[in-house]
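Let me begin by presenting the structure, written as structure tokens, before commenting on it.
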Amino acid sequence: MNDAIVITQRDTVFMKDVDAQSSQKVSACYQCGNCTAGCPASFVYDMQANQIMRGVQLGLKEAVLNCRSLWMCLSCSTCSLRCPNSIDVAAVMETLRHMARRQNRITVPNVEKFWHSFLDTVRVCGRTYEIGVMALYILRSLRVFTDLDLAPEVLKKNKLPFMPHVVQNGGAAAIGRIMRRYKERAEREGVRP
Amino acid sequence: MKTTVAYYPGCSAHGFSVDYEKSTQAVCGALGIRLNDIPDWNCCGSTPAHAVDTELSAALCVRNLDNAVKADANELLTPCPSCLSNLRHAAKRMEDPRFRARVDELLDNPAPAVFPEVISVMQGIARRFDANALAERVKKPLKPLRLATYYGCLMSRPAEIMDFGDPENPTLMESMLTACGAEVVDFPLKTVCCGASFGIPERAVTARLSGRILALAADMRADALVVACPLCQMNLDLRQKQAEHAADAIFAMPVLYFTQAMGLALGVPPGRLGIEKLRVNANGLIDKIEAAASGSTAPVEGSRP
Amino acid sequence: MRIGVFICHCGSNIGGTVDCAKVAEKAALFPDVVYATDPMYTCAEPGQATIESAIAEYRLDGIVVASCSPRMHEPTFRRTVERAGLNRYMLEMANIREHVSWIGKDVESNTNKAAELVAIAVAKLRGNTPLHSKSFEVNKRVLVIGGGVAGIQAALDCADGDIPVVLVEREATIGGKMAKLDKTFPTVDCSACIVGPKMVDVAQHPLIALYALSEVEEISGYVGNFTVKIRKRAPYVDWDKCTGCGACSVKCPSKKTPDAFNEFTGVTTAIKVAFPQAIPKKAVITAAHCRQMSRGKCGVCAKVCPTGAVNYDMEDVIVTEEVGSIVAATGYDLMDWTVYKEYGAGRYPDVITSLQYERLLSGSGPTCGHIRRPSDGREPRIIVFIQCVGSRDRSIGRPQCSGFCCMYTAKQAVLTKDHLPESQSYVFYMDIRAPGKMYDEFTRRAVEEYGVEYVRGRVSCVYPDGKGAYSVMGVDTLLGRPVEITADLIVLAVGIEGSRGAGELAEKLRISYDNCGFFMESHVKLKPVETNTIGVFLAGVCQGARDIPASVAQGSATAAKVLGLFARDRLENDPQIACVDMRRCVACGKCVRCCPFGAIEEVSVRDEQKAHVIETVCQGCGLCAATCPQGAVQLAHSTDNQILAEVNTLCRY
Amino acid sequence: MPVLEGKELRIVGFLCNWCSYGGADAAGVGRAVQPTDLRIIRVPCSGRVDPIFIVKALLNGADGVLVSGCHPRDCHYSAGNFYARRRLEVLKQFLPVLGIDEARFEYTWVGASEAQLWQHVVTTFTNRVHALGKAPRFDAVEPLLKIADMALTALRPLGTGKNAALPKLKEAIKAKLPELECVIGWQQGYDEARTVPLFARTPQDVDKFVWGPFNVNNPAVYLPTFRGKKVGIVVKGCDARSVVELLQENLISREDVILFAMPCEGTLDMARIGEKLGRYTTVDAVVCDEASITITADGKEHRFCMADFAQGKCYGCATPLAALSDVSFGAPVDVKPVSATPPELALLDSLSLPERMSFWRGQMGKCLRCYACRNACPMCVCRDYCVSDSRDPHWMSQLADEREKLFFQTVHAFHLAGRCTGCGECQRACPVGIPILALRQQIGRVIEQLFESYKAGTDPAAAPPLLTYMPQEKNIHERGWK
């Protein structure tokens, strides 16, 4: 037997959920592939944008939510811009990524680690602070050699201040509160913050 | 209504793109546009925040908008397209009452009903100085330079949010640089993504995408790429070596902020524009401009290092 | 009145969501209803027989049929009641299919709604009276608007049927788009060689009056008696004198005039004959580019013309023609393809439309049939065809398929291989739509014999690669990978829309058109060449995308309609028209002032001025009835009382 | 017929046969699911839809009415929808004065190919009507009796016309009399405080002419009955506007009428004066000074200052002397017109929609259906063939209920749309003092706003706005349904 997908056993709620959360109508996709054709990141995708759309149409929830592509999307919106059916494909991708995160499906952990490193810096300082992001990211990802080749250049050009610029007047604390409320709410609602 | 401007520099202004910030301040100073920072501004959340959660992203942005409102601003300028995109998206999404309620839950105090209009510094300058007005202020025309403009993917998209002209072919920067005397090439990849924030986690993506842009600029015999985005600039300039490595080619393509190019034309000393902070040396460009301005003919060959 | 009500099940179309028996049961209780039943298919023979026998058996003098839209079967049932001896206008219909059963599934609501619609039909019918038509003379001449292949066919067929034809063509020559094509699919015949003889037939037919370079300015009147004003635009050449010798064009110094006939792929002279096979073969001056007319000095053509035909002071002329019927065959234009910024449409010289490519392929085109790139005149080696540019694209409001692009692209790819054996063509497509005779076989030949590479997917963008070629960023969805082609020439299969000005013409013809400028037929299935304005017919692409054989067939079909209409010497009017109650009329003239048809006149009756409706001119719109305060003008079968009865049936306190 | 309780509301649609009915058919063919409330009445053209059909439906229990026709420029009859657009827009803006929410009525354009648009229109409109809920029943509202505040300031000083050139007028009339059938004006009625119409045919008759603030009637009302005969008429400024409107409508011809224009200083509101005098009093004497009138009735003196007791219309009057005349006895008074809301209308403006309905319920309770309003109206030219008492067409029953009475008033107002000069004779003639002029004023206001400040009866050559159209209306904005 081949490993045919039994499409009668698909998740029929999935497309409705995606439609509702992204405010798009995925059934309008007729598979012209324009999203894939214009996608700058397609070469690192394991499932092309149009295939993801098809997956959503067929209710292939597992395949779609576990794919690497969701995490590699650059959010450049080229797909949305050129979709002949006016589907905001980037919004669908973002929705799927949010869904995947909420269900703890982190297929490309480094990307998420980078985001968290970034947001952690913001949480503490109120603003980003590149050395901090890098340090946290290296700690999280254990990718010590990330951009090490750039270090001499950057330091030479004095582009990276070593001291974080903390937002004055209690702004940093305000951001901390926003992040805390977000985290608490996410935990309350049972989704991955 | 009187326009009261607030300025949102964005975090990178104090980090990687300190040269963008310097040149923006210098150009706006030269044009008499006062940039008052939003008091106590914070990070807009950039890509990571909206990649994680749109409500969180909006909350971070709305706090800035709120502070701008408290400072009586009705126009908000920002140099960074990513910040611009986030702030505009947040303002748009807040029109949905359900979304607004969810965001208000995260904030210290509820968001104001009306937000100031957020536009890019580029639009801010263009609104005050049309091409003729700019041309009148040019001291050192960029005549000898052949420039390729690059907007990146965020500035003009999505069109209904960004309102930055044709999403496929924005032309604002071209008109400004033309006013500054430069020869501007019709650069087809002006809105194609450079790899964005993937420089750190997935550098191969960025190297390849940036490489394509740099290669075409070189093929079109551009003297420099002119950009409006700190992240794009970093990918195209700081990471140009990585791109060259991936493409197995040498581009040696200076990547200027449009404010740096304009600053040169307006006669701002290069030192005040942070030109020295560029990874790919742009001194050759300055020499050409100076030579043209002083009347002598610049060397045609070898202008690019 | 004794009314019979027939509630049609229409199989399960109505019966599925309307309890027809219950509706009939309720209807039986409505005032004056003496008989109600629910046949399965009322329009079918047994159904009609039910009506006929019920009329006899129950001595009915009015019938209500609740079924599909009256726009569908009102004529059918009118004939039915007439056969049974009633006046054909003693019929009313309730639309319980399109307006009830097909738009909702709630049986309770539908049944109630159907019953109410029947109730208002009964209420209206109670105000009906037998009506009788008036007959009027038919002017047996036909106007054909548009001289493309569909219009030519319609004109020739009408003229061959002894009907004088007025053929109006906007361009300087007839032939339409077909005259611009190099070859036709699937036989790869020379297009000009097959349409050319037909054009000559038009020129030579004694019953066809051809107005080229002319447009319809104004249309008034009605079936049988239209009055048409035609603007003959000034060609600045006296066509009675012009022999089409071309001497003017040879000497014209203004050689940079954009060449519209060649789809702007080349330049031409300010005075010229559109193309060698043009009909009429007469010269025309493009005023904007003529040195004499724009700058006041030159006059070369006037000097060299052997017959002295050139006349720079010529002005447009309006001529009036009286006809009894009109055929619209205005064809199409390409949509504004420059909206495709991602393809650099209109920005990159080597990204061209399929119609421009057709001119490059054509021996009479600007390159004499040699395929050369517009940018540098080089022969392209890699040619990319992109399908569905402006078709099936909802994001720009063009959801429809343009119908023939798949086929002409295959043809163009085949011809490309013929012209340039070393070349390679790629076709980006979404689906290949080839449902005609020998069509699919033709596309297969393109692939198998001519090596055309079909890539399934759309193209995201095209940009110059800086080295003189173009990068085409596409996708092969069958592979699931993006693909990139470095191409020399890109041909866009640009979608079509109703020709420029179609909307304005539709308004003059009082017919509907859709948002792409295509005219609306009377019924999409059953009346594809008729329109809602009686006496106006549609031929060719002006109604929607179709290829040459279908356009020709439709041209002939309209001719059959015209000949059928003209088979009678007199036509009968629709008697559902306005009528003035002389007693009530105070001759204030409000109705006279409003009537769009000039169908009301003031007459003197016993020394008093009164309004009077000219029965054969009135079209029955009822504007006068809504205007007259004293209710002196009433529209038969839409009287105030009938509409009030309908309102009162629905709205009871 | 009853609606399905709790499920549907009563929504009536008038659809033109060619475009919108076809669009609804196309929606059906496309199985475009729609709410089931709408009941479609097929009409040949949206131009056939007399706005009064819609009022009829709304007053008789419809919760919503939708009219749909061909897109402008796309009419099967070329121009029907252009007229419909003007008339229906006037109706839409008129409805609130009756206390009916204008959102309950909509008109739109849907083409025969626009199935989706039709589905959208039906769904949106039905949802809108459901959001508004069941329409309030006119019979169920509590009557509300309120009186407009008539404390007004006149645009010019009002007076008694004591020094008017009455002898000169008589001379002029006598000079013209031989060529005229008669000259219409005023003479003293049964006492000095009342005037009645005078149809002067002889020089002796002419001597009976009176001039003063008691000349309240509008003599233009008699002109159409003399159609075809040459007559003279003495006019106040307001009367002349009625004459002009009659000329505009071709109901009289200019060569058949000689206008004698007298400068009016204001006329008295006899209803309020009657209240002061009391019922069944006998007027003994009337004495005028320049600004007031002193009436002695049953031995008691009453002084009425013109500034306080003029007719409502006189306060806002900017044309005391006829603009159009053949013989004029005064110089035009320079009064700057001010667009002030008349008091009757201002009262209604101040009420909420439910209150307005209550207001009319209360007022119509007083109506006797005597038709004095109609008979006094100079623009009511149907005479014996008024739709109020005809069976063919049978617009209204003789049932004496408030709804039917209000319906008559609405019909009257609509028959006057774009024609009413605001002379106020209807209201003045009303024996029970119903402020019915407000309905005409509302239409007048709407028409002024929509059609370039159009005022009926000012230009004999102007086309009445509802009898013409512009392909692109400046002030009517098509409602976007897309």
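In order of appearance the chains are A, B, C and D, and numbering begins at 1 in each one.
Note that a residue touches a chain if its C-beta (ideal position, glycine included) is under 8 Å from a C-beta of that chain, and two chains touch if they have at least 3 such contacts.
Computed from a predicted model, the values in this text were never measured in an experiment.
Engineer: Whole-Å distance, subunit A centre to subunit D centre, using C-alpha means?
Structural biologist: About 67 Å, centre to centre.
Engineer: Between subunit A and subunit C, what distance separates the C-alpha centroids? Give it in angstrom.
Structural biologist: From the centre of subunit A to the centre of subunit C is 50 Å.
Engineer: Roughly how many whole angstrom separate the Cα centroids of subunit B and subunit D?
Structural biologist: Measuring from centre to centre gives 64 Å for this pair.
Engineer: Scan subunit C for residues touching two or more other chains and write them down.
Structural biologist: 342, 461
Engineer: Scan subunit A for residues touching two or more other chains and write them down.
Structural biologist: 43, 78, 81, in rising order.
Engineer: Quick one: which residues in subunit B touch 2 or more of the other chains?
Structural biologist: Touching at least two other chains: 168, 192.
Engineer: Could you tell me which shape the graph of touching chains takes: line, ring, star, complete or other?
Structural biologist: Drawn as a graph, the chains match no named shape, so other.
Engineer: According to the definition already given, which pairs of chains are in contact?
Structural biologist: A-B, A-C, B-C, C-D
Engineer: Residue numbers of subunit C touching subunit A in their complex, please.
Structural biologist: Per the stated touch rule, the residues are 342, 388, 392-396, 430, 456-461, 473-477, 480-483.
Engineer: What residues of subunit C sit close enough to touch subunit B in their complex?
Structural biologist: Touch list, subunit C to subunit B: 341-342, 344, 347, 461, 463-467.
Engineer: Can you check the complex and tell me which residues of subunit B touch subunit C?
Structural biologist: Subunit B reaches subunit C through residues 166, 168-169, 186, 188-189, 192, 216, 218-221.
Engineer: Within the complex, which stretch of subunit A touches subunit B?
Structural biologist: 40-41, 43-44, 72, 74-78, 80-81, 88, 94, 97-98, 101, 108, 110-111, 113-116, 118-119, 122, 126-130, 133-134, 137, 141, 146-147, 149-150, 153-154, 157-161, 165, 167-172, 174-175, 177-179, 181-182, 185-186, 193
Engineer: Can you tell me which positions in subunit D touch subunit C when the two form their complex?
Structural biologist: Residue positions touching the partner: 1, 4, 7-8, 10, 12, 17-19, 21-22, 24-25, 27-29, 31-36, 39-45, 47-50, 53, 56-57, 60-62, 70, 73-80, 83, 87, 111-113, 119, 137, 139, 224, 249-251, 381-383, 385-387, 390, 392-395, 403, 415, 463, 467-468.
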